[in-house]
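Look for chain A in each of the two complexes below; its partner is chain B in the first and chain C in the second.
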Partner chain A sequence: MEVLSTADLIESLNLGLLAPEYIVTGTLIILLLVDLIWGRPVANKLPWIGLLGLGLASLALIPIWSVSNTDSFLGAFTGDPLGLLFRGIILISAAVTILMSERYIYQSGTAPAEFFVILLTATLGGMLLSGSSEMVMIFVALETLSIASYLLSGYTKLDVRSNEAALKYLLLGAASSAIFLYGMSLLYGLSGGETKLTEIAPKIATMGFPSILALVLVIAGISFKLAAVPFHQWTPDVYQGAPTPVVGFLSVGSKAAGFALAIRFMTSAFPDFATQWHTIFAVLGILSMILGNVVAIAQTSMKRMLAYSSIAQAGYVMIGLAIGTPDGYASMIYYMLIYLFMNMGAFLGVVLFGLKTGTDEISAYAGLYQKDPFLTLCLSLCLFSLAGFPPLAGFFGKLYLFWAGIQAGAYTLVFVGLVTSVASIYYYVRVVKLMVVKEPSEVVQKYTPTDWTLPGMRSLQIGLVFTLVNTVALGLASPILNFTKDSIQNTPILTTAPLAKAEKNAP
Partner chain B sequence: MPSLGTGVQFVSFFILSALIIGASLGVVLAPNMLYAAFLLGFTFICLSGIYLLLNADFVAAAQILIYVGAVNVLILFAIMLVNRQAPETPVPLKKIRDGIGGIVCFGLFSLIATTVVRTPWPYSTEAPVTNTTLKIGEQFFTNYLLPFEVSSVLLLMALVGAIMLARREFVPDQTVTGDEPLVLPERSREDLEPALKKLPVSTASEE
Partner chain C sequence: MNFALNLNYFLVLAAALFCVGIYGLISSRNVVRVLMSIELMLNAVNVNLLAFSNYIDPQNIRGQLFTIFVITVAAAEAAVGLAIILAIYRNRQTIDMERFNLLKW
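Showing the complex of A and B:
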């Protein structure tokens, strides 16, 4: 390659596109230094430093929206609107996770600074993953996200279940990384030494079977992050054992990064195999919707139920991926944004209840309405929204997803989605009914009114109100859907890639 | 780097491959964990030989330094420190399970092997690089600048996480209410405070 002068090189790097990532990196270094210098006395300031950094990073996303040259770092990173929205979703989910973890960390007696540092690194990994367009970068970003997630799941290390969760997640995650890496090494060999996704596509178009093998291996690796059936075995145990705020982040932030990676990898590296990957994602989506919703019915632990519910929710989002139309992608982003608030809201409720009672059994929630109407309201609305009741946001999210599916002719997928959504109403409403109608359980009888002035409780309250407002209001805000549609139209990889018609009927 | 003759390269490739396959089978099948660990080290050394044949001298050196020198020694330390002779618990239907596992592995192997043999791999026509270190450095600061920088954040986080995991923390025997300590991470902190006071000063100040 030709040698560039320093000024040209810096110019060609297009550094400005990663401004949000620089801010997140700076924040995590500041957090480490502040904790190192002042220690315990400033521990209660750390979450606010983290939130400030995440807020600034979100603001830094705005000017990137209208940038015309989206290639950064010589093609390693793409700052297109698609990635931008996913980076925003990951940033917000990290911010809500900080809000719900402050009190949790205080009560569990673990060190706060390291928690926020690892959480911000996971955020950084997820954000980079949403924009990576080159295989080495994808792998480094994926590992940054994964290793940070393993550490976070094992953060309460005196708890045996947290240890088990971390070890299970680590072993299965390492195996899936290896499969993903093998798929990428096949792509590297087949394309004659290319690592950029867009440059791989023309070279593997005529390869036939070996490219399909690489495609399957790559999808297996990505599906692990999405927790799609049959790559979901880690989910229930990790969700039940890991600290609850971490589970909130894993179910939203980590999943959003996985979907961003899936869209980018598939549309830029495999545009000529669109029929094949549409079919694979259709099958994965159907399996996830059915298994997630059916198994969730039988759960007795709230966190485990939300784990299976998140598998099912990922199945709905996969409808958008399986049809592969611009409307499908737009409704995926829209649903992820709504899912962020309703799922985080549910986890905030679980954290608050868990902190006050020390349990997450569903039966313990009985009669909560009599003692804490506010928490009951938050949890109920989030669960109703997850089930897809109008006029909450979750209803509109599902509506657009299914509508995009019908327009693309994917009737089987939409049919399975509708039937399983109806089935899911049972287990969401069961919890609400338990809280409102039943007599208080033993646990709830000892329940004292929440004192919001205790350390860390204020942020929990802010988080609950913030997610509640969004769960109610977001569905009525149609500009957001148009906004996601604009983002798809302005994303080069999604408009130049041949968008094959959807599979009419999934096998 | 002076290049070897084609015949020598060919023969050494087969010798190295046979050694790698044999040693890695040994890693999986050896009943003693220590033997498995040493065979793993041997596999890594043979792999660096393959890298040498591919003109990747820097990667070969890094392979020996990092995998044999650091990773493998770490594994040996872990075995030494744990030092537990766990008796093997009998698994029900072991033969059938092994059989199914073997069939799956063989199927996967033949799938990959057919793919590798049948694929018309594109060959590079470029002349081999003489100074690989220079080339790697150049690539690190141009095409792979971002992954290079991000991996430093990754390492920093791994370091913080490792310290977090290895740091000593006290485990209270019993809580005030008398139940098992830390059944749930949500357990209220007030329960820990009496236990904190009883601890020696040095341990308490660590927290």
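Showing the complex of A and C:
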């Protein structure tokens, strides 16, 4: 074994690739210190410090784009374009979550500093997860994200629903990560002591059943994060009980990290089992699309309905994973980006309505148009976009996903996707119709005009306008799709695996 | 008969531990017991990793390293879990799983 000098060692770690993560870490330490030193008087500055940090971290992603050597920390972390895009998505979702949580925290009377610190920790975990390519790293990053998420969902600790959501999330989450770990320990043994995903692949290629067992266990662990049916039971409970801004983050940031992990783990550790995992994800996708959309119809709570809707949306994204073509991956990322804005927009609307009325029952939204046309417009556009109406962004996202599916010959998947999308229109439009057509409900009759000058309301307004503009405009901006396609082309693990490219799998 | 310890014994032990953990997870009503069952599952993974590390990878001992991380993270998870259980106990005066049914459709 050659001995490296310290300088060479540091050089070989390629530390620069994690610059955005350093900035996020720095920001969360600064937040803690600022709160410790100045305390309550500066509480209203904390969200802006957080946003500044996230903004700087997003800027720090740009120079990494053109780096040729993407291996960092001796191969434990990969800074390839695929990971970069997901890290960007997680950063934006954290930023929007901060915007929507400022007023929520103020009104619920909980401590703001800890909330932002835990949120940034979750962001950090998600970002690391998007790039990790070594099993120990994957596990630690996954748990950073998960444990921070448990804490966030139990953040309003005097609320029994929030307690219950956190408890269920923790128990199921810990159990699923134990299953994931068991799968990884089998991979470690089967590969003869390798922990890097790319080095595992050639060693397990010829092993039949044991590798499949490890594959199944790993997919079970990842699917929990994706909230794919049948690993979705926690989703509606947690989404209903947890603080609404947290739910926004869980439904987008945490899910994006899960998809990044799924793509990287499957393509680099199981390229020789492509047929098997394509089939598994196809089945999970079909189940998610059907169950998510059907059960959402029966919901009476807005947050619970959005929970089932998010299960269904994850099902659509899984089409890209199940076909495993570069176009499929590109449209997955494109859809995640669009989903980020439309889903966050919907949750911003729910937060605003919940803060003013204290309820999230769907029936309470009746007649909102007469009292608050702006909120009605925001919610309606986001819900229409989630349903996939042209010319909103959600339509184009679905179009590219389904088109990639058809090109890969996965007609069953696309057919289920189309049919369930049509069914989903019913429950999205039902809410819009209720808001516009019906007479005001008792709750809405007491509704007062929104005072945007109250503490924390301005950031809520900025968030609403930001997500709204993107929900409308993003679909018309085709450069973004080409951009995701380019980045997939530049990602070595997705292009050097010949099997994943050539496989055509239509279950 | 050869009673020398070989890898299989450890793997069977780990699998058995893991199954006991899963059984405890689905059958316990006391939340603390559920948490303990999860610890069992994580320790099954540790046994697996250590056995593989010892028999297959004695040079690099990556498995032992992995185990240290698993133990650390499991401790963090247990701490957060107990904190949440404490919060819920203060509000509800119970830690019985079947009484936590506010969230249902």
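Everything below uses one rule, namely that the second predicted complex is superposed on the first by the 497 of 507 C-alpha atoms of A that agree within 3 Å, B and C clash if a C-alpha of one lies under 4 Å from a C-alpha of the other, contacts with A are read in each partner's own complex, and residues count from 1 in each chain.
Here is the rule we go by: a contact is a pair of C-beta atoms (placed from the backbone, for glycine too) under 8 Å apart; a residue touches a chain by one contact, two chains touch by 3 or more.
The structure displayed is predicted, hence computed values, not measured ones.
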| item | value |
| --- | --- |
| Chain B versus chain C as contact partner of A:213, first or second or both or neither | first |
| Which of chain B and chain C A:384 touches, first, second, both or neither | neither |
| First (chain B), second (chain C), both or neither touched by A:171 | second |
| First, second, both or neither for A:240, with chain B first and chain C second | second |
| First (chain B), second (chain C), both or neither touched by A:334 | neither |
| First, second, both or neither for A:299, with chain B first and chain C second | second |
| Broader residue contact with chain A after superposition on the shared chain, chain B or chain C | B |
| Which superposed partner A:466 touches (first chain B, second chain C, both, neither) | neither |
| First (chain B), second (chain C), both or neither touched by A:181 | second |
| Those residues of chain A which chain B touches in one complex and chain C touches in the other | 136, 139-140, 143, 147, 151, 154, 157-158, 186, 189, 192-193, 195 |
| Interfacial residue positions of chain A with respect to chain C in the complex | 135-136, 139-140, 143, 147, 150-151, 154, 157-158, 160-161, 163-168, 170-171, 174-175, 178-179, 181-182, 185-186, 188-189, 192-195, 236-237, 240-241, 295, 298-299, 304 |
| Chain C residues within the chain A interface of the complex | 11, 14, 18, 21-22, 25, 31, 34-35, 38, 41-42, 44-45, 48-49, 51-53, 56-57, 59-60, 62-63, 65-66, 69-70, 73, 76-77, 80-81, 84-85, 87-88, 91-92, 100, 102-105 |
| Footprint of chain B on chain A - complex, ascending | 1, 4, 9, 13, 18, 25, 28, 32, 72-77, 104, 106-109, 111, 114, 117-118, 121, 124-125, 128, 134, 136-137, 139-141, 143-144, 147-148, 151, 154-159, 162, 186, 189-193, 195, 203, 207, 209-210, 213, 243-244, 354-355, 357-360 |
| Complex contact set, residues of chain B against chain A | 111-112, 115, 118-119, 121-124, 142-147, 150-151, 153-154, 156-158, 160-161, 163-165, 169, 171, 181-189, 192, 207 |
